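Scrolling down, you'll hit the structures one after another.
In the two assemblies presented below, subunit A is common to both, partnered first by subunit B and then by subunit C.
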Partner chain A sequence: MELAMFNVSHGFTESVVRGLRSGFLGPEDYRRLGSCDTLEDMRSALEETDYGTFLQDEPSPLLVSTISKKCYEKLADEFRYLKAQTVEPLSTFMDFIAREKMIDNVCMIIQGALNNKAPKELEEKVHPLGVFEGMKVIMSESFDVQGGFDDVYRIFLVDTPIGPYFEEYLREADRDKDDMARSGIETSQVGGILTKQDLEIMKTSLKKAWLEDFYGFVQSQGGTTAEVMGHVLKMEADFRVLLVTMNALNTSLSTESSLQDRNALYPNFGYLYPEGTKELRKVFNDTTVRAALEPYSKYLQLFDQVKDFYDSESGGRGAGFQSIEDLIYAENVHMYEMAFEQQYHFGLFYAWVKLREQEIRNIRWIANMVVLDKKDHIDDTIVPIFQPRM
Partner chain B sequence: MSQAGGQRPPANRMTLQTFKARLGGATKGFKLLKKKRDALKARFQALLKDIVDTKLKVGEGLKEGAFALAKAHYASSGDDIASSIIERAKKPSLTTKMYPDNVAGVSIPVFKMLRDSSQEAVAQTMGVGSGGAVLSATRDTYLKAVECIVQLASLQTAFHTLDEEIKMTSRRVNALEYVLIPRIEEIMHYITQEMDEEAREEFFRVKKVVEKKKIKLAKEKEAMMLADATAAIDAPSMLQSKKDADLVF
Partner chain C sequence: MKSVCDPSANFYGMLGVSMSIVLANLGAAYGTAKSGVGIANLGVMRPDMVMRSIIPVVMAGVLGIYGLITAVIINGKIHPPSYSAYSGYAHLAAGITVGMSSLAAGMAIGVVGDAGVRANAQQPRLFVGMILILIFAEALGLYGLIVGLVVASTAEGKGSDLCIPWDSSK
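Right after this comes the complex of A and B.
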């Protein structure tokens, strides 16, 4: 059925993405970027790639942040173009991809609102991929803090696709405050919850909710999509568990009292779920992490490679050079590349967006290293995409 | 000099005495100030070396910090961490306190960095989703750089203060050495000269008086001699004198 019907609706978009695949920077491009001495050189080096003249109108001196911002804008442009070509259920799938960035934007707006930032300032920091309609409204209106939270809340709940995650999160947060939340959420309380909650934790748990929702959606699609995307999201869920665990080490989140907070951030699916997650819920230092990961040789190997970095005894952090993120990026790139190997599924679109993000990270890293004049570090950190295999 | 030339003090032994005392005081002060200047200068030279070292260290530290920040950017999956960190920053966990330090009577401010870890709790949950540990590592790297900067700040302030102080002391030393002491010496020289002059004048005057007296004396003598001579001429002739009375035995 899939083989026969997929191309009727999604054949064109898939072929567009497969075409875009050739736009990734090749080894030659990376070499040229790596040999740049200034950001101006990078501009001209990037002009010869698929990025084209995207930096043409930027005034000199060029900033690293401008480059990455423009890269994201280009990605968002292409993403929007693709999305315009889609029909259901691929449109929803594309929405899911964008929602991750929407969560980022919303958290940023809330943080800005708490600090009474001008909407103009916020607008500059918005991630172009996560722009949604209601956002423009809250940004354009200068709301005051007291009445503002209700506004923010109502707009999130009603107008945006990420409203349900917020509702879920706020209900959970409210439940912690036990007796107050007997009758669901009242709008007047929202402001209080928002100010009290740690935004970073809120963001992470929103993303967890998003990941779980996404997984549910993907499974409901069935077929190759469920197979490919299921694998991708399960891996991501595992990585998320790993990341949260590792990053919580040596911080207040690893103490007895706040393990609860940390454990709330673990997604409820993935290859680690439920046994591995159950073990990881109890860990509080690097030895216990290792013990918990013992049955999972792949993750254990990842952990062993970077455990110097998280070792609290060897004179604090930063002893090792690589962090868990670096390794996970490499793993992810491999995984996403594999998603291109199958046809007639949606995983391709997700993989494409994620690979582009990684490429932008690579460009950003190269730009930073060019500015800092530490070019020897370019090759050991970036993860080239679709490297020619020997 | 002109000023001093205009109103010279009365040249007498008493003023000479006071000027002698002033000269003594000035030379003593000059010596002390010179010592102070030398001490300050020695400290200054040592500071220079320290400052150069610390400056290099600050450069190095900031470079490392920038590198760590790039890493953190890389690790935090493309989110704009800079802005979210800035938004979260509320109360500073690092503060500096000033302590006075004393070099050759000059008080120099020294800055000490104080870290209040309890204020950092807000940053603890930063980047839990991704890049949290890298962020903390970045913070630690920057912490070292900030420490260097604080050190550099106190060195620079000391440098500045010492510089001012040395300039002032040098001015004083030079003023004493080249203006005040020579002026006093000149005045003293003038006084002694004047007094010598007076003494010579006096001597000459006395000599003149004595001379005059001598002349007068000689004149008187001559006159007397002359008178004597005339008296001799008027002496009675022995031939014309009467016969002496006979001697009766």
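Right after this comes the complex of A and C.
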């Protein structure tokens, strides 16, 4: 009986999140931020909001990256506080949320190691939400990525919470390598040096494994959590499919031979699964994509909107230019706001983290526009959160 | 001369009385609670819609009244000295009928009320649809009430000689 038993274990954490919800920046805050002339003005404007004096100790020439990093640290602090108050299964749920950022961090570290960056520099770029034990070890050891990724995995990554996803990825990659070796083609996937595209593919595969794991966990919870988070994750999976398809159209992955690679990146659930993904596996240009998206009016609309902007963009950035990611963010904000309308489910926590990230994205965009002195473009891509609907 | 009836028949009659009110209230409570949560959440963003959204709570409350009516009526028909076993069983049946039907209706009203008011906040044109669904859910409780009252009322004359004689001197 969800109604009766949920608050016994999770009532406090849910109420803390609902309290934090009232700390989101409102329309007046965005207006005040938008009317700032320098980053210093932004610092004082942010002091009046829930962010408070978090930028107090920063030295005077403020950078946009500092503001953004401090915002993420605040989010990470609040996240860790919440996580400390939780019991199972909510603890595992919040761990799942953090794992996405852990994947980002590990991929960034690997990339940094490939380019021989100093550990100090890597530490700057670490996402605070995705910190896990053993990360410092990986960063400080100057391990030899050139030598082969298998060793790296076995020594360092097998104990981390995202170890299973690497295992799955390596299993896929090894299988491909064996297939290709049999037909005499050499591959540089795992045994050798990772190229930039390989790294992107690895990151997308890891995220796919994480998403599927998350979906399985959420479905096992049942009740309202399965309903709300199931919907959220299905949309997430569909958006990934769309992004992979659209990116692939513009790169070498659209050739017939690389279709195999692309298809491995489609998650095995979602509203587009299985009929939609079956169609999308075969597309190679715009018209085929439109035909495949025909039965899904929402996605077709999204695709058309992006196509219009890309076509009319020939003269340069028009007013209101939005990439597909921006459109997806706007859709997602609405979905996460809806998660707050229901009670007794875990989707609240996921929605709160994502909405805070969107707010940080908004702040970063405003800061960039302020620095570039293009304040009239501010409204292009910021998405207002919890706007009053009266 | 009429013999005194075995008092164990009264057990079934009284059980019928309590079942009708208790189970009906359970249904009404679930309906009120579930849709109340939805209204509380909706009221944060759309306070103007709160009063319209109280309708599921009202409909759930009506189910409690059904149980109350039946309980009072059955109670009035219990006359201990000449209460036959048949009457006892009939009143038990009536009580459970009304109670369980109202419980079912309350659960339906709760779930539909919760989802309906939240969706209504997004799309005002859903209001008429939601009301229709709630009415059909309420009708289930009404059917239970009708059957329960019919059974309880027509048990009067029938089976009065189905009394188990009981000697009060022992």
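To be clear about the criterion, the second predicted complex is superposed on the first by the 340 of 390 C-alpha atoms of A that agree within 3 Å, B and C clash if a C-alpha of one lies under 4 Å from a C-alpha of the other, contacts with A are read in each partner's own complex, and residues count from 1 in each chain.
As a working rule, a contact is a pair of C-beta atoms (placed from the backbone, for glycine too) under 8 Å apart; a residue touches a chain by one contact, two chains touch by 3 or more.
Fair warning: this is a prediction, and the values are worked out from it, not measured in the lab.
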Partner chain(s) touched by A:Leu242 [first = subunit B, second = subunit C, both, neither]: neither
Which superposed partner A:Glu357 touches (first subunit B, second subunit C, both, neither): first
Subunit B versus subunit C as contact partner of A:Leu327, first or second or both or neither: neither
Partner chain(s) touched by A:Gln342 [first = subunit B, second = subunit C, both, neither]: second
Broader residue contact with subunit A after superposition on the shared chain, subunit B or subunit C: B
Subunit B versus subunit C as contact partner of A:Ala209, first or second or both or neither: neither
Which superposed partner A:Met108 touches (first subunit B, second subunit C, both, neither): first
Subunit A residues contacted in one complex by subunit B, in the other by subunit C: none
Footprint of subunit A on subunit B - complex, ascending: 63, 66-68, 70-71, 73-80, 83-84, 87-88, 121, 124-134, 136-137, 140-141
Complex interface listing, subunit C residues touching subunit A: 30, 33-34, 37-38, 41-42, 45-48, 118, 121-122
Complex contacts: residues of subunit A adjacent to subunit B: 68, 72, 104, 107-108, 111-112, 114-115, 117, 125, 127, 198-201, 203-204, 207, 240, 243-244, 246-253, 262, 265, 309-310, 316-318, 323-326, 357, 360-361, 364-365, 368-369, 371-372, 374, 377, 381
Subunit C contact footprint on subunit A (complex, rising order): 3, 338, 340-344, 386, 388-390
